[in-house]
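Structures follow.
Next come two complexes, and both contain chain A; in the first it sits with chain B, in the second with chain C.
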Partner chain A sequence: MWHCPMTKPEGGVTVKEDNVNLITSKQAVVFIMVTQNGVGILYLPSDMAGHAGHDGWIPVIISGVLSLMVSLAIIALCRRFEGQSILDINRIIFGKFISYILNTIFIIYLFLAAISNLGVLASSIGVWFFRSTPLWVLALYIMLPSVYLASKGLKGVCRFNFLIVITIPVLLSSIALNIHNLRLTNLLPVGVHGIDEIAEALPHTLFAYMGFEALLFLFPFIKDKQRIVKHVMIGSITVTLIFTGFVAASIAVFGEDLLAKRIVALVGLARMIEVPVFERVDLYYFAIWIAAMLLAVNAYLFLTFNTVKKVFKIKSKIILLAGIAFIVLVFTSKLSEDADTIFQINHYSGDALFLLGVLYPILLLIITLITGKGVKKT
Partner chain B sequence: MMITRNRYRRAENEKNPENNIEISHSLKDNLTILQEQFKDCADVVMRSLKTAGGRSACMIYVNGLIDNNLVQRDVIPTLLSLKESQLSELKDTDIFPTIQYSKVFILETAVDYVLKASTVILINGINYALCFNLQDIETRAFDEPEVERIIKGPHDGFVESVAKNLSLIRRKVASSKLKVKMMTLGKRSKSDIAILYMEDIANPEIVRKVEERIKNIEIDNINGAGYIDQLTSDSPFSLFPQFQGTERADKAVANLMEGRIVILVGNTPVALIVPVDFFQFFQTPDDYNINYFFGSFLRLLRFTGSAIAILLPALYIALLTFHYQAVPLNLLVPLAESRSKIPFSPIVEAMIMEIAFELLREASIRLPTSLGPTIGIVGGLVIGQTAVQAGIVSNVMVVIVGITAIATFVVPQYDMGLVFRIGRFITMISAAIFGAVGIMVVILFAIAHLVTLESYGQPYFQPVAPFKLKDMKDIFFRLPLFMYSSRPDVALPNDKTRGRGNSKRR
Partner chain C sequence: MKKIYMFIIVLVVMIFLTGCWDQNIYEKIGFILNTGIDLGSDDKVLITQSYPIISETAGNSGGGGPDESEGIKVETIRAKSNLLRESREIFRLSTSLKLEGGKLQSILIGSDFARERNISEYFELYERDIQSTVQASVVVVDGNASELITKGARFKGKPRLGIYINEVLKRNFMAGYCPDTDIIEYDIINTTPGISPIVPMIKLEGNNIKVTGTALIDRDKMTGQLDTGETACLYLAMGRTKQSEIIFDLPEDIQSEKKKGAVFTRKVITKSKIKFQDNAPTIHFDIKPKVILDEYTWGDITDPEYQNKLEESLNTHIEKCLDNTFKKLQAAKCDAFGIGDKIRAYHYDYWMSIGELDGWKKIYVKMTATFDVKSQIVRYGEIK
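What follows is the complex of A and B.
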């Protein structure tokens, strides 16, 4: 059985987590699921349709399987080091100075992730509801609950994630209520776009799957580490199925050409739903989806907060939170509302995720396997 | 920080020699001190007597608090016939034919006894006081509480006396496992506090926490249960009630059986229940006494009512200010017609009506019942009909305010109702600035606060977050009673099972 290490392992690092941050493995997996499920999924179908045509769902499913593999690699890596986070692992392997630089790079990545998620959220609100309100005002207002939650610790963030029971049904209902519009012939013939195009589309799925790398930071906080593999598998497969289903359904409803032009497929699907009394169902859908996107913002804001606190050893919670919120806000306000800028920043974070969340842990795992570095079981 | 300061003060008090004077053998000396203490207390009576043995004695009591008949029948004759030979026995045997009787050696304690409605007797040559608890304090009968009426179920509610309330609970729980811890609180008011819990169910850690927090209160006067609520809650700045106050004995007992702790406070009929969760405030004893189906219906009705109370005016504002595309066309036309003569924006219109309603509500509490119809006329005709005719508010707004007003009364708990009343204004303002997004942000912020809130270390928003499937049987739906074989997890009960439920299932 793996315990949260309270003793002093090799690298001279003590992990002492206070009560407000300890979570169960289920909560950790839900944390990852909501992070993945919030923002990326909005743009995924049209992005896929643009790159792989009606075979757009194939890269999504491949990506899902790969993300599961990477998650397992991350777990294996963290387990070699008695369940410590990537920040401590860096310090154990590379020493104090180099790890400081590496950890700073990770912090920059988390900032980028928080900014891109908040940017998508705020700019979609701008596009859908408030065209003339400045982006920073929307971003400031919408991030208030996230900042509040980050101040209350990981436990609060994870409890807030129970909203997943609302967001996933909302997503699924947009498909279910459009069942009469599904034209499966839109998906045929399968594989006509070829392996090249599908491989080319793969990197574009990364932004949607962004979130599994949270395990790198969350691992020390998990109480029941022995059950994490099972739960990660369940969570990862669920998310992959939802994403693949959603992309396939979007293609089946709109067809690849129309979908490539429809930037937000969820709203497009919702607009086709007709119910008595309510008009413009898409507005209601979008309003509820704000909650889903906020969950992703929560996650990255908390991770940024916690990581900066740990690496730079800042004691004052208020100064730290205000500082992080300010930096995130300043950069978010620099984004513009048009879809191109948002696609751009999403791809940047996708690339950064590939480097830091996929390549780096796998590389580290291989190195430690070869050199035999790591903390032994106690 | 505050706790250490209080402890310091308490230690200082104990050191203070004036509070620790022992009763001397000389009656004269004792009386000099007591006369000084009770100077200008016209209600304190000091009656001099002489025993059969010729010793002088003094009986001290507060007029109107003691039972004159009993004292005259049982205490005075025994005292008057007290022989010298009996005096030596007095210390070890009870020669007075009364039930509650104690001996006190510290003068300050004797003073406390006098003030707490005991009859205290000092005898010359004896260095202790005899205290008889023969009180006769006027209390009302166990009436049905006005704010917590139910249809089917017991109609007795608490009164202002802790002893009587305890007896009411003991009548319903004839078990020696029901434990009661008594203490007094308030430097000057010396209010009685009773902490009740089921020894084999309640979590000892939570009991200890409750006791400790109440002991640490340093205040001179406890005027009601709300004082304890606010002084010991986990997050004193939160809008949400962190104690459940009830005047119903059956509710208190039901909560005891779930492992919760009931705090009875002297001079108030309200008992406090901890730890609590959010959903508890939507339950009433009626839910369990009627068929599960209707119980569930009422539960859902209350949640819907709460959602209406907090969202409806805000939705009106958001739809009319920003999202009029979302209003069905058939509705949009009459809406526009009714609003065409109104000079105000939706938020101003809504604020006028909501504030008018809040005024009406507050005024109706103060008004004598004979003036009730007046309020009805002012509220119904002047504020409703005439305001529309004068073109100040639209018809639709009056309908919305009416529905919202009724919906706020659906929440069974007054404290939680207050949260919805205030929350309504917050969502309205937010909706006026950011439309539907504003409403969403307020709701999400409220949920963020609710999930981080704790009541005595227990998550406030359970069993939804953290999710506990087992406890969901009693949240949005009230499932059939035979499914209630386990206690809810909120109070971390030691004994998790209640019994096998329906006898047919055995």
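What follows is the complex of A and C.
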């Protein structure tokens, strides 16, 4: 039996003490799913059509399988360290000083993720509804409920995620109500874009799947850790199927040429929906999707708040939340004024996710397997 | 107590959330119902727009002055410009209303413009601007769109022009006499290789608007047209059930003063198959429409032999119509059936070997299409 040095988690708060943050494995998986569904999916069809043409759905499936495998690797890593978070694992493996630097890098990543998600949401509301309203005003109002939820703990954030029962059916209905517009020949012939183009498109799917890395931070808060593998698998397969179906449907409706020129396929699909009595159904879709995106903002704002609190051991919740909100607000307002910058930030977030959420945990797992660090229960 | 404070804070914040900078007053908005695009002088385009006036005071703002019909005031404005956006800016100079395209019913394109300019280039504004609709009908006007909008605004005893045009198009689309193409559908088909858009055609006739059939499009320009009967046949071959009335010649041995018979299509099942002969594609259509005999003097229709004669005559009529229609489509290089799209999807190597779309267009105009119609007269109603 291998033993890790049992340290008190950083920030001086033990897992048991932190009851407002305790969640079930189901809640953890829904947390990941809402993070993935809210923002990333918006740009995915267009991005894929631009990189892999009408075969754009193939890299989405491959990435889904990869994200599941990485999620399982993260679970394996956390389990070796008695269910602690990446912040504690870094400390155990690398010591106090290096872990401080590594954890700060993770904090920068979480800030980037929060800014990119909030930026997409604020600019979407700006384009869809309030054109003259300054972006910082929109971002401020969007952040208020997220900050409030973050202050109430992970349990509060997760309870709000029940909205997924509305947002996923809404997404699926955008396909169902366009079923008469699907042209299957737009998806044929399969595989004509070749392995090179499909492989080239893979990194671009990362931003959409962004969210599975939340397990690195959430793991200590999960009560029924023995069931997490099952729920992560169900969640990952569901998200992969939804993403693949949505990308394939978008290609089938618009064709690869037109889809590559659009920014948000959901907007295009919603604008095509015609139902009796209701006019401009698209506007209802936009309004509902704002809630879906808000869930992703909630998630990353909480993770940022909780991680900063732990790493820098800040006691005052109000000062910490206000500080984080201010930083996120300032950067979002400055960086989200045009679509190209938002795309750029999303790509940076995707790259950072690849390094910190994919490569790093796998590397750590390999190191711990080789060196034998961590706890291996008999 | 804490919750009460929170509640009060939320209430106070909500007072300021009344639309922020983007408040829209209904009476101060001009809802554009129709946009007309014609060729103008100096390489410019003539943009015509009409919108109803909701408030009396807003209507006195200028422009061409309100047209009154049946108590409804509609203002029509025109501008020569290079861009649609430029024309909107010109309109802003003469109206106090905020013009919005969210309720646009149809984009009317003059036939001269449709033949000479790329049509979809003028739709980009509606596609990009999320507050505009992409479900407005795209319609080619046989003649001048501006004239139709101006005169249409003064029609007596008709609904508002935008609604009137839409109702006429909808009814005729149901009957299969014209297509129903909106902005987004046009753009999708226009950008899909191997399939061409078709759009409805209308004409101003006195105090009426008449559907004249279908405008055929190739590479974003109008290249031909079909009449309403040919459009109905086209829909039969596409396998899309419409409630069309088809008039055909009665067989010679049938005694009738009318000489013509009429059927009403009820259901159609069509199968098409592409074959290759000497590396050249041919397409064969098997069309099985179920029809109801209409306006027929009681006779021997219950006799199977008699019914066969009528069906044969009807089949010949539809086949001839389809031969003629396909030739017109070929002459216009308009691949409305999407044969090229199917070849690209199912015979990709061949598609690449002919040089993709450019090569396909050359082959399409020469390809053979055969139509085998087997209609079945079904009885319906009170009379045998």
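The rule we apply is simple: the second predicted complex is superposed on the first by the 356 of 378 C-alpha atoms of A that agree within 3 Å, B and C clash if a C-alpha of one lies under 4 Å from a C-alpha of the other, contacts with A are read in each partner's own complex, and residues count from 1 in each chain.
We adopt the following convention: a contact is a pair of C-beta atoms (placed from the backbone, for glycine too) under 8 Å apart; a residue touches a chain by one contact, two chains touch by 3 or more.
If you're wondering where the values come from, they're calculated on a predicted model, not measured in any experiment.
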- Query: Which of the two partners, first being chain B and second being chain C, lies in contact with A:Leu294: first, second, both, or neither?
  - Reply: first
- Return first, second, both or neither, reflecting whether A:Phe326 touches chain B, chain C, both chains, or no partner chain. neither
- Pick one for A:Leu149: touches chain B only (first), chain C only (second), both, or neither. first
- Message: Quick one: is A:Tyr141 in contact with chain B, with chain C, with both, or with neither? Answer first, second, both or neither.
- Response: both
- Message: Touch test for A:Leu163: chain B only (first), chain C only (second), both, or neither?
- Response: first
- Looking at the overlay, what does A:Arg280 touch: chain B (first), chain C (second), both, or neither? both
- Query: Counting only touches as set out at the top, which of chain B and chain C does A:Phe129 meet: first, second, both, neither?
  - Reply: both
- Query: Do chain B and chain C land on any of the same chain A residues, and which?
  - Reply: 129-130, 141, 144, 280
- Item | chain A contact footprint on chain C (complex, rising order) | 13, 17, 19-22, 102, 130-131, 133-135, 184-185, 187-188, 191-193, 338, 341-342, 344-346, 348
- Item | Residues of chain A that touch chain B when the two form their complex | 27, 125, 129-130, 138, 141-142, 144-145, 148-149, 152-153, 155-156, 159-163, 277-280, 283-284, 287-288, 290-291, 294
- Query: Tell me, which parts of chain B touch chain A in their complex?
  - Reply: 322-323, 325-329, 434-441, 444-445, 447-449, 451-452, 459, 461, 464-467
- Task: Spell out the part of chain A that touches chain C in their complex, as residue ranges.
- Result: 127-134, 137, 141, 144, 181, 183-186, 188-189, 192, 253-255, 257-258, 267-268, 271-272, 274, 280, 282, 286
